[in-house]
Amino acid sequence: MSEEIRIGVYVCHCGLNIAGVVNVKEVVEYAKTLPNVVVAKDYVFMCSAPGQAMIKEDIKEHKLNRVVVAACSPAMHEPTFRGVLGDAGLNPYLFEMANIREHCSWVHPDDKEAATEKAKELVRMAVAKARLLEPLEKIKSAVRPAVLVIGGGVAGLRATLDLVERGFDVYLVEKRSVLGGNAVKLGELAYTTLTGKDVVNSLVEKIKANPKAHIFLNSEVEKVDGSIGDFRVTVTRRLGEGKEEKIELNVGAIIVAIGYDPYEPAIGEYGYKTTDKVVTLFQLMDILSEEGPTKGELLIGGIRPKSLAFILCVGSLSTTPNAKPYCSRMCCSASLKTILKIKEKYPDIDVYVFYKDMRTYGKEEDLYWKAIENEVKFIRFDEAPSVKPRDKFVEVEAFDTTIQERIAIPVDAVVLANGMVPATDTEKIRIMLKIGCGADGFLKEAHLKLRPVEALTDGIFLAGVATGPKNIIESIASGSAAAAKAATIVTKEEIEVEPLIARVNEDMCSGCGICAALCPYEAITIEVKEDGKRISKVNSMLCKGCGTCAAACPSGAMQQSGFKDNQVMAQVVATFRGE
Amino acid sequence: MKPVVVVGGGIAGIQAALDLADQGVKVYLVEKSPSIGGRMAQLDKTFPTLDCSSCILTPKMVAVDRHENIELLTYAEVKEVVGEPGNFKVKILKKPRYVDVDKCTGCGQCVMKCPVKVPNEFNLGMDMRKAIYIPFPQAVPLKATIDPEHCLYFTKGVCRVCERFCPPKAINFNQKPEEIELNVAAIIVATGFSLDDARKRGEYGYGKYPNVYTNLEFERLLSSTGPTKGEIVRRSDGRHPKKIAFIQCVCSRDELTNKYCSAICCMASTKEAILAKEHLPDVECTIFFMDVRAFGKGYQEFFERAKQEFGVRFVRARPAKIEEDPKTRNLIVYYEDTETSRFTKEEFDMVVLAVALRPILPESLVKSGLIQPDNYGFADVPEMYIEPVRASKPGIFVIGVLQSPKDIPDSVIQAGAAAMRAAIYAISG
Amino acid sequence: MAEFKPKIVVFACNWCTYAALDLAGTSRMKYPANFRVIKVMCSGRVDPQFVLEAFKQGADGVIVAGCHPGDCHYVNGNMKTLRRMTMLKKMLEEMGIEKERFRLEWISAAEATKWVQVANEMVEQVKALGPLKPRLEVKE
Amino acid sequence: MSEKPKIALYWCASCGGCEEAVLDLAEKVLDLVNAVDIVFWPVAVDFKIEDVEKLPDKSITASLINGGIRLTEHEKVVKLLRQKSQYVIAYGACSAWGGIPGLANLYKREELLSRAYFEVPTVVNEEKVLPRTYKDEELGIEVEVPEVLPRLLPLDRVIEVDYYVPGCPPTPDVTWNAIQALLSGNLPPKGSVIGASSKALCDECPLNETKPDKLLIKEFKRITEFTPDPEKCLLAQGLPCLGPVTRGGCGALCIKANMPCTGCFGMLDNVSDYGAKALSFLASILDVEDEKEVERQVKEKIADLVGRLYRYTLPSSKLGGKVFKR
Amino acid sequence: MSRTVALLLKGEVSSILKSLGARNLYKCYQCGTCTAACPLSEEVTASFRKAVKYAQLGLEEKIAADPAPWLCYACGECSEMCPKDAKPTEILAALRRYSIIKYDWTGFSKRFYLSKTFELMSIAILSILTALIVYLFKGPVITERVDLSAFAQPTVAIANIIVFGVLSLILLINIYRMYKFTTSQSSSSGKLPVSTYIAEFIKIIPYHFLTQRLMARCRDGKYYYTIHLLLFYGYAVIFVHHILRHMLLPLISPTLHLNEVASSIVGISAFVALILGSSLAIYGRIKKSTIIWEYSHPTDWVFITLLWLTSITGLLTDIFKYSGLPLPTYVTFTVHLMFVVPLLVLEVPFAKWSHLAYRPFALYFNRLNEIKQLRYKT
């Protein structure tokens, strides 16, 4: 590679985020002193259109063949700037970022000199690596025009229906023997006479009528191989009497819609399971629905209660030791909706609601207003109320913070508005698909704000409550959104995959087989050449670019593009001295 | 494959356009103001991740601008819509910028030279822009626009200084409004919201007392592209505030003005309190709330961190009124802390009102009955459980705050849902 | 003598630790500025030669950090890292490098607080040990 | 070329094996002697330093230097040879990377001297006298005793080395190939290894194809624990054979004697630290998930990690030896 | 920590309150705007929001113990600002009515307030009874000149004393019960020295009793304050005049005769004041011109009309008397009595008029609680 290395360095202010701490001008001046750096500039927002335009012009004007941008984390804008290089006709992989915001200005606000010094060295490291970067071409792989949907709740059903109507084959895998997930148990929904079951049925009917939909009940996904555009999935379907069959599927995208489990209070938590007068909200909804155990008749502990106490935030906001720290979002509204439905049918019933924070957000506020107007009595608590079963009734006592007094209410039954916890098989699905989960145990989306239905792994999408509590309408909407994202893949013939994969130098490879042993994706095989020599071979489709084989290759024959030994070594050396 | 029109260039419109275009559907993105970006462009940071808002929005704006399947129609409005799903005729009026967009490079020379100063809508009138202006530094498209009501040439037939100084000679005073007619399969409407008029609750003194702000105004103060370049200073004397009060539910959850809860202001105020502490480490922030609506993912942790880590004080009370101390222009907030039942008159240097969100319904679509307002004035979704984003008529989708108050993630999810449904019309159209 | 400011090289895996460092940034957590982070796609990419090169160039400390076992974006890259770095720690001790100077940490994308704690702890320990660079040229 | 090319051979801190290796050329030695004019060969011929000093610079075509630089005298002589010769060849593991004597770099100089001159049972040295230059009264001359350098250095840390010949000692055909290359003049770029393979030992190892698809071992084994199956790759049987990380060219002599390779041919071109690379691949294929188990195996099955993995290359490693406290 | 005795909710209390005028009781979501809006919040420690919550929850003991409703002069500022339009003004008025019922140990107020028929029946019976008594025990009907005292002298004097004694006794007992209620709930068990009781009594009771100054603090309180002062002074003057003329004088020195002219002027002007005040109040209530008069409980109508009728008949009696028309005087006087007796007997201890006692005492007891709170920091 004899062409002269001409590097352009661009330092971003990011408004005050960087410039507020790092002396940007000093960093730019320093960058000018680094070998091969022919142009060094700074701008208030490198990621904005003018910033990008500046780079494009410089590439043309100064014939730059490497670009370094010192700004925010590559997780934010590496794709953006690679796009800029592409537009300017330069190979997008001749680009390196120095993270002087999240790793520098935002974390060293009190020590401006050290932060500036660190920024300079981070730029030096990025330039050292940039010098050794080589052009890489994106790897194209064919796309299977089919989608796998895991989970037959409303989110999964909505995603399936959208995609089959869009004209794609969808394999819907549902663990249970019936579709609908938790929604079927929701009884009559707010602002409508529709029940959860009606919503599910309307979706299932349309799905069953479409030939593109393939439904697998009593089935679970066992194994997933391959990557975006070409996932090879093994599904086991239980056929009864211990028999089961394995089904191989080949899909271009996967939508995870595994829903949630209702929070199960511990035995004795608010008297749960120590008296039949205490039920959870989900159990109550079941009781109220026609198919429920009491054919819709409000009977709890065998009697028709004259007074009901609802306790909210059961299992949420760390109200009890067993509870989760997060808010389950839908229990306030679901409880008030259920209360209003009960008041409609049984006007004389006294209802008390023990709440920590009334979170009927958006238009659902009117549920709260109607509940007040229906003479529901609200008691706000900070410490969890105590439920003491008496002989003929249950006494719920709490310190009401609005009147700063302890209130005790004898009621016939107590309803625990339990929240949502991650589905039991979240862990299994997570490990199988190699996607992460957040501190709350729900699946982690690529970006909380702007990529809420995408997983970090390309080609895998997350619908419904799998990523966190939602009500049924939000869950259905996120099913469609996940379907849209899946459609952006399966509508394409070819998918481009990051080229940061491993490559073998056949003149150095001794065929020792160490690399093949390590690859978790079976992307490396040892081939015997005609001259009998054994040489390692990388399947660029399967290789995910982790670099583990490169680190182990005893003769240094295996190198990971973008992270070659000399490139990383250059960064290590540049950390200490600039030459 | 028929194209789809997306009305409104905020984050919801942008996301819907991208989710459609990435499926190979042709999209016309119509935006009323000179640049896309919508409300999110006016935010400094977003909750709960404290991402810098323009840092996560700008790439999407640039992606829309660069996408081969998206045609951007900015400074344009939908005049009339007629037809049925799969075959809508949409009349769009492109207002004249009086700037030739192909030539203009957004260099800003004209803006520097223009003598006329006009209250800047992007910064909610807290600073001035010129008669010829670029809304904000990261605007897409980065083109100048002449505001005919204030430009001296249009009002008095004089000046034309911008024409003289424009390097690529892009100024063209006799540009005419342009009418475009599109035949599309479906329409996604994401026209967003504006804040209600806080003067409806006159007792808080908004508009009367200078140091009373709205959430959005305070967000502009925080932003480095804001009127004060990120400095939090008081309107009355330019001093840094020592005590800031945030009052929630202004014109929300209120029989007199809007009964609904605006969903995002609890978290918005919490975030702004945290950012205020960041800008001014020894400032004291107090948030007066009735219930804290921290329902989204990561919101409760964000609320806890605000209390424990950043020392933001939360008082469960709805202040009755604010009176101003004429000498210091400080604000005395009258409230009863409902958790101690103690009445207090507390003095603050600055008050930020979390004002309700009011949807902006495009009257052309309302006139043609394609969108009907519900009892709160938001775009009605008749079958919310079957089609969560479909408006009154099939083929028309309403997303974002236009449909109901919601945060950015929910708007992005609705955008995806609308894109999916619209795509189905596009292929069958 | 100017107050000894140790310089510590961090090899951070892109999916977990690098994201945790980003999160520490977005959450405005403060920690000392002694760290220089080199991003690798997986902790499995960290070749013991890189660690030795860092010490040779004068690093006072090196951290190799990746995802918790089971969390690895590439199934089990971090398991190989565990074995390599365990053996390397033993060899470095034989070569006279104190064990506090070299750490293997599992830090997930959500554990910004854990990173800050490891960072503060590492700087304290390495400061106590003093600079390594002068001891590399054996002159006496 | 009227005169025959002059070559010089010199030995520093070495066991003399490399000197002999030249003789191992057997009858080829004669061809060598005919082809070249040996001007300096202390072990075999009685040339003196002064003779070399008299030679014009660069007059020696090639100097084959073996052994690590341990004493000030070595340093002096090799610098002289550098000045006088066109090519300097680091012949054998010691001069190339420090070799087995290089393992002394795990100890401080005083420790070595005190061990050698005070503590060794066979020495009686109450006055704790160390060898140093002294005036010999009878001869009336100053007897110069060279100083011991603080660390043993490979040749290229003292002078510029043109080519390296691997091996401990280099096998006859490697030596011969090297000499052929030198004499024929078609030499690879400066600084490369000559005479040996450009690939790792596995490439030429007969047991290579007996490797399983997934070369993962549950446990390291010591050679004493079991007699390995001669027909199957020793590494696959758990012996920490360093073949994969060692340059080929020796014809897998040790493997043929059913012994795992110890790495005397040194690292491949793309490797900058032999020990680190060896550790990396061995740890990678050790199929163990628990940290404690790894520590146990290292302690029990490999014991002396540095000695085992840096047997021939410690001085040329990145740290060059143990880093001592101030 | 507050006592751990848990309070029991009583459903029926809330329904009573609704019938007593708390129409929009079930709208309040406890935001605290009312307390914050109230101009009196700066003067007294009271939480009107909490009072509304007690009402919503039906916490009988707390309602009875809460002096807050009595501190409210119904200016309507809170209802103006209430985001839920729950009209706290009306709820507090209902709470005042409920407190009256609660304080009254006889149980008469409860029936009086809760059933309109009972109320009207009792008034009717009482007035007929009065007429009978007057008729039966009337003194000589001197027709040639007006001799009112002769006509009703014996019955009026005795009746007055009995009635006055009984009524003040009942009222005193109710005030004591009010004291018992208001101090029962204060969480501190600490005792205050008697001296503070007396000091505060002197400081608060006479001042507020006579001036109702707090009312002036309310929003455009001037208008109501004047009407109320008119009514107060009208009544006070008549009361004093009546006692002097018809009770004390005849007992102490039956012979001494007041200067007729002065007494008549005083009487008439008082009656005119009363009439003017009550007519304005009646007009306001009919027109529902302001928040105060937007809702009128039957007892409000009864009270104000009785007052109006009494004043009218009182005035007529005086006019006839001084214009020397004996028969009309006696007749109107009897009619006057027919209105006065129920007004005094029923309204004072059992109904609306008791507020003249309860309001100052409420201020007093609230002050005592405040001191106790400050002193024992609970």
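Labels for the chains are A, B, C, D and E, by order of writing; each one numbers its residues from 1.
Methods note: a residue touches a chain if its C-beta (ideal position, glycine included) is under 8 Å from a C-beta of that chain, and two chains touch if they have at least 3 such contacts.
None of these values were measured; they are calculated from a predicted model.
Any chain that touches chain D and also touches chain E is listed here: A.
A summary of chain positions shows that the Cα centroid lying nearest the centre of all protein Cα atoms is that of chain A.
Across the two interfaces under comparison, B-E and B-C, the one joined by more C-beta contacts turns out to be B-E. When chain centres are defined as mean Cα coordinates, D lies farthest from chain E. Across the assembly, the mean Cα position most removed from that of chain B is the one of D. Work out the mean CA point of chain A and of chain D, and you get 55 Å between them.
Distance between chain centres (mean CA atoms), chain A to chain E: 67 Å. If you average the CA atoms of chain C and of chain E, the two centres end up 82 Å from each other.
Per-chain Cα centroids separate chain A from chain C by 28 Å. Shared interface positions of chain C, i.e. residues touching 2 or more other chains, are given as 26, 28, 47-49, 53, 80, 84. Multi-chain contact residues of chain A (touching two or more other chains) are listed as 358, 369, 402-404, 438-439, 518, 548, 551-552, 565, 569. With touch defined as above, residues shared between interfaces to two or more other chains in chain E number as follows: 29-30, 49-50, 84. Interface note: chains touch in the pairs A-B, A-C, A-D, A-E, B-C, B-E, C-D.
Here chain E touches chain A in the complex through residues 2-9, 11, 14, 26-30, 49-50, 53-54, 56-57, 59, 62, 84, going by the rule given at the top. Remark: chain C residues 47-49, 51-53, 55-56, 69, 79-80, 82-84, 86-88, 90-91, 94-97, 130, 132, 134-136, 138-140 touch chain D in the complex. Those residues of chain C lying in contact with chain B across their complex are 26-28.
Partner chain A is touched in their complex by these residues of chain D: 198-203, 208-209, 211, 213-216, 243-245, 248, 268-272, 277-278, 280-281, 284-285. Residues 350, 352, 358, 368-369, 372-375, 377-380, 397, 399, 402-410 of chain A are the ones touching chain E in the complex.
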